[in-house]
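In this document, chain identifiers A, B and C correspond to the written order of the chains, with residue numbering beginning at 1 in each.
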Amino acid sequence: MIDKFKSRKRTEKIFRAACFGLTFFSVLILVVLLFHITMTGHKYLSWEFLTNWPSRFPHKAGIKAGIWGTIWLISITACISIPIGVLSALFLEEYKIRGKLGKVIEINVANLAGVPSIVYGLLGLTIFVRYCGFDRSLLSGAMTLSLLIMPVIIVSSREAIKAVPDAIRFGAYALGASKYQVVFGHVLPIALPGILTGVILALSRAIGETAPLIIIGALTYISYTPESVMDEFTVLPLQIYNWASRPNEEFHYLAAGGIIVLLAVMMSMNFIAVMIRQRASKKVKL
Amino acid sequence: MTKKVKIIEFLVRGALGICALVTLITTIGIVLVLGSETIPFFEEVSITDFLFGTRWTPLLEPKSFGVLPLVSGTGMIMLGSAFIALPVGITTAVYLSEFSSLKMRAVIKPVLEVLAGIPTIVYGYFALTFITPILKIIFPQTEVFNAASGAIVVGIMVLPMVASLCDDAFQSVPKALKEGGYALGATSFEVIGQVIIPHSASRILAAFILALSRAIGETMAVTLASGANAQFTFSPLQSIQTMTAYIVQVSLGDTPQGGIEYKTCFAVGSLLFLITLTMNVVGQSILFRYRRSSK
Amino acid sequence: MNQETVMTCRNVNIFYGEKQAVFDVNLDILKNKVTAIIGPSGCGKSTLLRSLNRMNDFVPSFSMNGEINFDGRDVLKSDPMEVRTRIGMVFQKPNPFPKSIYNNIIWGPKIHGHKVNYDELVESSLRSAALWDEVKDRLHDSALDLSGGQQQRLCIARTVAMKPEVILMDEPCSALDPRSTIRIEDLINDLREEYSIAIVTHNMQQAARVSDYTAFFYEGELIEYGVTDGIFTNPKEKRTEDYITGRFG
């Protein structure tokens, strides 16, 4: 009896230690990853690195084209995906359509979120690049990325909309408001911080996307900044990929420099998203 | 007033409805696009040759279109990543939901979110320049591009997904059930193993399926770390090629539209789409059923 | 009871899916009177009240038959938005919009395009909800900064600003402390001069204090209806007597 008790206790101890250890594996990995990248990339971080065009010579190469391409691409993507995504979420959540169509759309969104990004690339290549004739332009890239992050925006916006208390809706209806007046007068403004958080996180995911842009034929060697949505472009992750896939080690350091910039942008976006979420959580609790 | 309001209401409803249809059109678009190039592909290559052939050399003469090397490459990445993501993911979830203080939770959760948000290209770089050199020290025969390195980073990448889905599952186990276990003098190891995990088994399964489907669709990390050498092998230290990496390889080259090489992309894409779709539908339907029954 | 009625329910049956919640109810809401609807919880009193201005439309399994007459028309066949503009409602828990006090009041008139002086409307509405003196210096502060009782009076002011003919109140004091409750009850007393009020309450003393007429509901049926004094001092039905003397409920 006593022995049994002892051995159970020992198992419990080992188990706890294992859980703790394996959980910290994630923290360890993150630290090692960030450390490794900083160590290899920091020596190329300089003003010249940010303002130079790509080059065959590592010490002359920079990410100006990538930065401008990324800014353009994400801005256009935001303009396309945010309105459509948020309005879809409002439709699904507020104008609940009973019956089949509503359910089909709901299941469809969940499954679209799991489609590999490269498949979106094949879609964009066929529809936007070839069929619509937008070629390898920013517009093709932005539309492809929009389709890619739309499910993410819809899912997170729906969560934010769902969190708006029904009491607010009923209060407005009891004043004789019509549905759109309730939705756009109350539900959307209250849900906005939550929606914004989701949107920023989705866009920060889009910034890191590489595969679909390779498929639609975005270039890696570009020495100009885009001036219209029909221009060809490159983005930061493509530049990184290009450098990382070269055998010359010097280019690997360059890639790490690019990664530092990319991660810095993404983390500041995530930080903003978290701030919005925290500020909003203090308001509206009925 | 009501007439004007009614017209606006009608227009708003219509506009929102059209937006919601975009997602539906996307799905139809994917199916049509993949189908429109895959069907002509199968007019030139027989389905059995494609599915069961063990030589994949569509870009070299003599051309051969057996997809199994790509499937085995993808499978190795999937299994390897499962080897990391599943045990670590589930123990992380156990720790988060049963042992951790709120303070620790506030540290671990953001770390997982950051890990999930890091672009896959960064993981690819990490695999190539950090993990592969380490593997080389341990196993000198390791090639520059190898399956293991890619599998390890893909495992790290999908780990947060396993952890958060399992955490959700554990959180939803009724408190009364857990307390019933503890009240009988059980250790937390026993409560977790015999009460909590069996109770959330189907949701854990769903988490595994969804995470592995993500691993299968992973592209840039395996392209960078695991190479472009389509061979039918199960040796983790050799260079391989996944389905996704093949599509990237073709896209980087100058492949004329309409040629057989171009069509292979879509055939491989279709296969990838079907596999991941099946897994997602299975995983989602488990979660969906659970969500409904818990109401 | 030769009073003027504003609303009449005739043979109203209400269902949630298969389950019937209200059975064949006939009830009059009288003009410029306060009608209290009392009964144990789950007796269908709130359900009936929410049907009077079509707030039950939002319950998916809800269905009803019978007739609810308001101003010569059947509420069930009218436009719900119009019904709700003319029959206002105050809810169990205060539900101010997360906007300023001022904007809470004018939101309703604004969406209906009422052409009025908003400043005057805000003042008069807040005055009739006995809130003006407390908030006149901070009309543009968030309504969420008010106390629970103030929020509920703001919701009443918001309803009054629409100039409805009937005000429905669904246990308006159940989330409030005793002092706030008294203030709302005083307010109801004043409001009866201009409005017809129907109030659901589980608090019998409250019904006795504020209402002119009382309807007692039990298990979905209207058991007894009459002048409040009569119901409380001399109930005709055994079940009414049992309930008001506290034998159940």
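One rule holds in what follows: contacts are C-beta pairs under 8 Å (C-beta built on N, C-alpha and C of every residue); 3 or more make two chains touch, one makes a residue touch a chain.
Quick caveat: nothing in here was measured; it's all calculated off a predicted structure.
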Which chain wins if you rank chains by how close their C-alpha centre is to the centre of all protein C-alpha atoms? A
Chain centres computed over CA atoms; the one at greatest distance from chain A is chain C
Taking each chain's centre as the mean of its CA atoms, how far is chain A from chain C in angstrom? 48
For chain A versus chain B, what separation do you get between their C-alpha means, in angstrom? 16
Would you kindly tell me how far, in whole Å, the mean C-alpha position of chain C lies from that of chain B? 54
Multi-partner residues in chain B (2 or more other chains touched) are 5
Hunt down the residues of chain A that sit against at least two other chains at once, touch-wise. 178, 181
Residues of chain C that touch two or more other chains: which are they? 81-82, 112
Chain B partner contacts - residues on chain A that touch it in the complex: 8-9, 11-12, 15-16, 18-20, 22-23, 25-27, 29-30, 32-33, 36-37, 40, 83-85, 87-88, 90-92, 95, 104-105, 107-112, 114-123, 125-127, 130, 147, 150-151, 154, 178-181, 183-184, 201, 204-205, 207-211, 214-215, 217, 237, 240-241, 244-245, 252, 255-256, 259, 262-263, 266-267, 270, 274
Considering the complex alone, what residue numbers of chain B touch chain C? 1-2, 5
Across the complex, what residues on chain C touch chain A? 53, 55, 58, 60, 81-86, 88-89, 91, 93-98, 107-108, 111-112, 144, 155, 158-159, 162
Provide the residue numbers of chain C that touch chain B in the complex, in ascending order. 79, 81-82, 112-113
Chain B residues touching chain A in their complex are 5-6, 8-9, 12-13, 15-17, 19-24, 26-27, 29-30, 33-34, 36-37, 87-88, 91-92, 94-96, 98-100, 107-108, 110-115, 117-122, 124-126, 128-130, 156, 159-160, 163, 187-190, 192, 210, 213-214, 216-220, 223-224, 244, 247-248, 251-252, 257, 265-266, 269, 272-273, 276-277, 279-281, 283-284, 288
